[in-house]
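What follows is a pair of complexes built around chain A, which joins chain B in one and chain C in the other.
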Partner chain A sequence: MSDMQHDARRPYVRPMTGWWRKNPYFVCYMLREGTALVVAAYAMVLLTGLLCLATSEAAFNGWLAVLRHPFSIALHLLALAAMVYHTWSWFDIMPKTMPPVYAGGKRVPRHVITRAGIVTAIVVTLLILLLTWSLT
Partner chain B sequence: MSEQQRMIDIEVLRYRPEEDAEPFFQTYTVPFTDDMSVLQGLQYIKDELDSTLSYRWSCRMAICGSCGMMINGKPELSCHTFLRHFYPGGLRVEPLNHFPIERDLVVRVDDFIGKLESIKPYIIAKEVRRLEQGEYLQTPAERDRYEQFSSCINCMLCYAACPQYGLDNKFMGPGVLALLHRYNADSRDGGQAQRMELVNAEEGVWNCTAVGYCSEVCPKGVDPANAVNINKINSAKDYFINLVRPREGGK
Partner chain C sequence: MMKRSNAPIFWALFGAGGMLSALTGPALVFITGLAVPLGLMFAPEMMSYERTLGFAQHIAGKFFILAVIVLYLWHAAHRIYKSLHDVGIHPSPASRMACYGTAMAGSLLAVYGVLAVGF
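Our next item is the complex of A and B:
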């Protein structure tokens, strides 16, 4: 906009400060992006567990003990909430980010794609839970 | 016989470059009926209350794309939004976000127009046919690939909805990229290679972070977010094809 500073018409450029707080849609967007960091952080937690497992039995038990701490359980509940929101918001935006899908010559509507994604996420989560349950 | 006349407060962001250092809000109380649009409210102000108010408008029927403004913080066509929705509260009208204010509700659109020209928004014939060869034929399925994107009326609401454009106006932006896709996806068009450099640039599709609000505010049901994101795929494909088989004279 620097080329406009000396313009006789004096166009006024409004600042962007706090832009995402001014519209609920942008707040949801920032939450979607923000909760992605929680997903990344939790991947680090799991990676740490893997490293502990590779190091020694004592290290792995230590990692398990940390996870069982009430503070850790509280963090897990928060992470779960963030993960659920992220999953929902991710599938909510998905139809806008993918090429059109056709079924029987007709374009599959947005909400069908979103719902299919959410159902898949639920089914896969339940399968993983059942699988880990059966192993313990 | 006559009902009590209802009145509504319209708060308008004013900016008169010759006398104001910065914009300020001015409130007008306007009588209205159920069939009055926000644009008609502004016209009442201009005709009856304050002739110095400036705003753009033309068709009054949501097709010319001139009267876009922020209405209670949301980009809308003012001819397409009714005063009755805000009653008994008032409403706040501001010029479209992310564009410099020229005067009152009028924004400066040079940047958008420049970008629109740059994408060659016309069909560049794949094979030039002579008159005796007849029309350029297209099947309904081929038309469906671009039809919704051709509904764009250049109203720029999607730019006012795009924080990425607001933060850095080098970004090509949703509307222009949707129109670029409209021509690239047209089976009669052969200009894709000429347009791909604009798509591939960081200011092209890669500046989009999939906020998705552009598609929510479009008054014509265009899905610019979809056009931009389909072109991220096209741009990635183009990159790899270019690695294997470099384009002549291309980057």
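Our next item is the complex of A and C:
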């Protein structure tokens, strides 16, 4: 890029590489957006399992064996961390992403919306774990 | 007459998928990716072929599986499509196709899957 800087027909364009690393706020922003990669990857893992299930018992057992591989366990640990960050950040920005909510003529404060969301997520998580438990 | 934008559809799918994954994602990743494979908390037979097939053959199970896969995919596709801009890949028909096309293909495969496991 540097040799193009003084070319009159190709004016200097500020490089974009690494712009977000200069400010912790943007690092959090990129991490938050980056959780989408994990959400997509996990959906693909589940989709693969579903297609194996539709194919044959041997195929499905193969999928289960892959899930037991240490590499898969390590990736799922990272995925769990990313999912928890996704949950936290989703409700952290919800006061900004949803239309304003009013109660008794006053705007509901930011932290109330965030806390309500996080409490809901904890309740749903416990419900899923209990439901799954009751199935075993 | 003004042409109607299709953006609200993608934003709605993004929001629905984001909410669903924020509420269910940590629990599901923990169960399918860690607890069952490692035999923590749950017996490994919980996700055996017979039991998972039974779950997927039930109508409620089908809707749950479909909702999780399809909405997760559209949430992620929209977020990635918008974020590519931040790493210097500006919106184009190609990046749009790569993101939404993948989500669409995955959704169709998921529909095929929940039908192919039978009833």
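Everything that follows uses one rule, which is that the second predicted complex is superposed on the first by the 119 of 136 C-alpha atoms of A that agree within 3 Å, B and C clash if a C-alpha of one lies under 4 Å from a C-alpha of the other, contacts with A are read in each partner's own complex, and residues count from 1 in each chain.
Convention: contacts are C-beta pairs under 8 Å (C-beta built on N, C-alpha and C of every residue); 3 or more make two chains touch, one makes a residue touch a chain.
Note that the structure is predicted; figures quoted are calculated from it, not measured.
In the superposed model, A:Lys96 makes contact with chain B only, not with chain C.
In the superposition on chain A, A:Glu33 makes contact with both chain B and chain C.
Touch criterion met: A:Trp20 reaches chain B and chain C at once.
Contacts of A:Glu57 after superposition on the shared chain: chain C is touched, whereas chain B is not. Between chain B and chain C, C touches the greater number of residues of chain A. Looking at the shared chain after the overlay, A:Tyr42 reaches chain C, while chain B stays out of its contact range. In the superposition on chain A, A:Leu135 makes contact with chain C only, not with chain B. Overlap of the chain B and chain C contact sets on chain A: residues 16, 20, 33, 97. Across the complex, chain A is touched by residues 15, 17-18, 22-23, 73-74, 97, 100-102, 108, 144, 163, 166-167, 169, 209-213, 215-216, 223, 225-226, 229-230, 233 of chain B.
Contact residues of chain C toward chain A in the complex are 15, 17-19, 21-34, 36-38, 41-43, 45-47, 49, 51-53, 56, 65, 68-69, 72-73, 75-77, 79-80, 82-83, 86-88, 102, 106, 109-110, 112-114, 116-117. For chain A in complex with chain C, the touching residues are 16-17, 20, 30, 33-34, 36-37, 39-40, 42-47, 49-51, 53-54, 57, 60-61, 64, 67-68, 72-73, 75-77, 79-80, 83-84, 86-87, 90-91, 97, 117, 120-121, 124-125, 128-129, 132-133, 135-136. Within the complex, the chain A residues that touch chain B are 1, 4, 9-14, 16, 19-20, 22-23, 25-26, 29, 33, 93, 95-100, 107.
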